[in-house]
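Okay, handing you the structure first.
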Amino acid sequence: MTVRVGIVDTTFARVDMAKYAIEELRNNEPSVIIERITVPGFKNTPWAAKQLINKGVDAVMVLGWIGPSLTDKITYAVTSMGLIMLQIEYDKPIVDVTIHEDEANNEGELFNIAVDRTRKHARNLILMLRGELTKWAGMGLRQGRPDAGPIM
Amino acid sequence: MTVRVGIVDTTFARVDMAKYAIEELRNNEPSVIIERITVPGFKNTPWAAKQLINKGVDAVMVLGWIGPSLTDKITYAVTSMGLIMLQIEYDKPIVDVTIHEDEANNEGELFNIAVDRTRKHARNLILMLRGELTKWAGMGLRQGRPDAGPIM
Amino acid sequence: MTVRVGIVDTTFARVDMAKYAIEELRNNEPSVIIERITVPGFKNTPWAAKQLINKGVDAVMVLGWIGPSLTDKITYAVTSMGLIMLQIEYDKPIVDVTIHEDEANNEGELFNIAVDRTRKHARNLILMLRGELTKWAGMGLRQGRPDAGPIM
Amino acid sequence: MTVRVGIVDTTFARVDMAKYAIEELRNNEPSVIIERITVPGFKNTPWAAKQLINKGVDAVMVLGWIGPSLTDKITYAVTSMGLIMLQIEYDKPIVDVTIHEDEANNEGELFNIAVDRTRKHARNLILMLRGELTKWAGMGLRQGRPDAGPIM
Amino acid sequence: MTVRVGIVDTTFARVDMAKYAIEELRNNEPSVIIERITVPGFKNTPWAAKQLINKGVDAVMVLGWIGPSLTDKITYAVTSMGLIMLQIEYDKPIVDVTIHEDEANNEGELFNIAVDRTRKHARNLILMLRGELTKWAGMGLRQGRPDAGPIM
């Protein structure tokens, strides 16, 4: 089975997350075909995701980077809404990996979160498309930081 | 009457709520048929719910787990909006059971809230499909904690 | 003229507001026919309102009860959005009567607000359907508390 | 050219803003035909605006009055979203004049803001329909208070 | 290739950003054809953008100016949502340049932010239409202030 995955990323992001996404997608699904669109910031990602859906991808990864201000959080909210509307209307899953500048104390930590979250969500995407995530349901998995684990 | 119920759950959750949902649905409606999709986190639940609606379920339970940060609350908001849009457009009720990590003081309490809310909403779903909830209208029922009761 | 009004209420509410709504609707429009659906909480009211619209009602009253937490306010926001989308798409007015637990200092006051707001909005609904509200435009009417009145 | 303008106002408002809107619309466009619907509060204005669009108006003025609480601000948000969705879907401009009770220190000031904002936006509506606003682009115009002016 | 770009601006803005947008668009794409609509404030920009899409533009720049109050931020949120919905539905990218009055300490700084952000986003729009932004993916580009740069 060939899987076509769209990747949307931004020039606003401070890490080239697409590099890690593509690497991880290929490791988990060697047949994967990648289509990529880069936009200035998070707010244009729904448009880009839609263009990739129009081109026939099976799923989309949106790699977002969000600043610390209230305006940035509003942007996160309305854009996320757009990504959800797309998934409902076109029946294609979109996994958005968003890194928030205020979730780390320094650039190194932010970098590590970005890479870890991107890799894990790339894997999630492949597993979700295969319907193989149920065995981890309720397991408290986390992306960008250690798993919380299930409550025993 | 056979009832088909879709269940959407996540790997982010720290309790396997689906186990309790399925058990309770079967107790209340032995003929129930379950369809289940697991996604990484709450934001993909509208897509999954839509897939189950496409497969012909009569109703969906969405079992969500929400972190404590502002970002998590935004996620809760926009995803809930998506679930409401689905219900309007496809005429299928969706009961979402969301557990918020900041609503309990410790893991044990969180676990109990998760199980209680899941069970009660599973029962609510069956009663709602049968049109039998009106006798409890205005009775101050609560899920995840004791009923508030009616104001006398 | 026969008027068909849908009523959506919840088991979460702590007052059986539908009782007062129906009484007031009948006082103001004796020919009124009532259709009612009860759901667990506010978030399922758009779905229920849609079912009543599907059944041919001319208007809907949604009787909601909102808790005091941030999560409850988010629920209020996204559900209200759903009710507005319904009104736009299906051209049926929906009057939502929402009681917020944090707007009163005690249960007695909350009860009185609930009854007063429900009765006044039931009357508003009938007047709105008849196109008779314009004579009170700008008069500072309030529901659940005394009118503010016009600024002179 | 005859221009048909819809006006939506509320009984919640404490000033009969429609009076000033109609006066100003007539001063600026003597041929104007007015259609008016009054609803209880801001949340029903998208429904009313839609009814006027159905009747064939070229544009709508929505005259809203918003209380000071968080609930009121949420109402403002979701209703504004509805008004934007209407404009996009039906290609009719809607100018909403909203007065927020917490933007003035006393009733007199609130009254003056309401009248000034209504008059200026009535004029804006006519100029916008004629495509004549570009000469004031970037000029820092304000409604309800003195213009801020352009930054030199 | 001729590119048709729509520009939506406001009389609320305190800088004539369209002047800089048009200049920069022409510098980067001499064949560009500009269509422009001016509206009173940010909330009417989705309507205007839709009119320009109806006229056949390939992309739209929305030049917004946002005040400092909570009401202004709500306006920013719901309008941004409208702009995202338009992009999804009509497959045309919309780059919105929004200047927030509270992001600068004085008028001079605000002016410089407005001009810089407008110019850079005009360039972004042309590059995005040509599919040439990927080489700057993850580079931490900023508009209105110096680039943050990639995290090394």
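When the chains are written out, they are named A, B, C, D and E in that same order, and each has its own residue count from 1.
FYI, a contact is a pair of C-beta atoms (placed from the backbone, for glycine too) under 8 Å apart; a residue touches a chain by one contact, two chains touch by 3 or more.
Just so we're on the same page, UniProt names per chain: A, B, C, D, E = Riboflavin synthase.
Remember, it's a predicted structure, so these values are computed and weren't measured experimentally.
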Legend entry - Centre-to-centre distance between chain E (Riboflavin synthase) and chain C (Riboflavin synthase) (centres being mean Cα positions), rounded to whole Å: 40
Legend entry - Averaged-CA centre spacing for the pair chain D (Riboflavin synthase) and chain C (Riboflavin synthase), given as whole angstrom: 25
Inset, instruction - Could you check chain B (Riboflavin synthase) for residues that touch two or more other chains and list them? - result: 77, 81, 85
Inset, instruction - With chains as vertices and touches as edges, which is it: line, ring, star, complete or other? - result: ring
Inset, instruction - Moving around the ring in the sense set by going from chain B (Riboflavin synthase) to chain C (Riboflavin synthase), list every chain once. - result: B, C, D, E, A
Legend entry - Residues of chain A (Riboflavin synthase) touching chain B (Riboflavin synthase) in the complex: 73, 76-77, 80-81, 83-85, 87-88, 91-96, 98, 100, 103, 121, 124, 128, 131, 133-134, 136-143, 148-151
Inset, instruction - Could you pull out which chain A (Riboflavin synthase) residues touch chain E (Riboflavin synthase) in their complex? - result: 9-19, 36-40, 43-44, 46-47, 50-51, 54, 69-71, 74-75, 77-79, 81-82, 85-86, 89, 107-108, 110-111
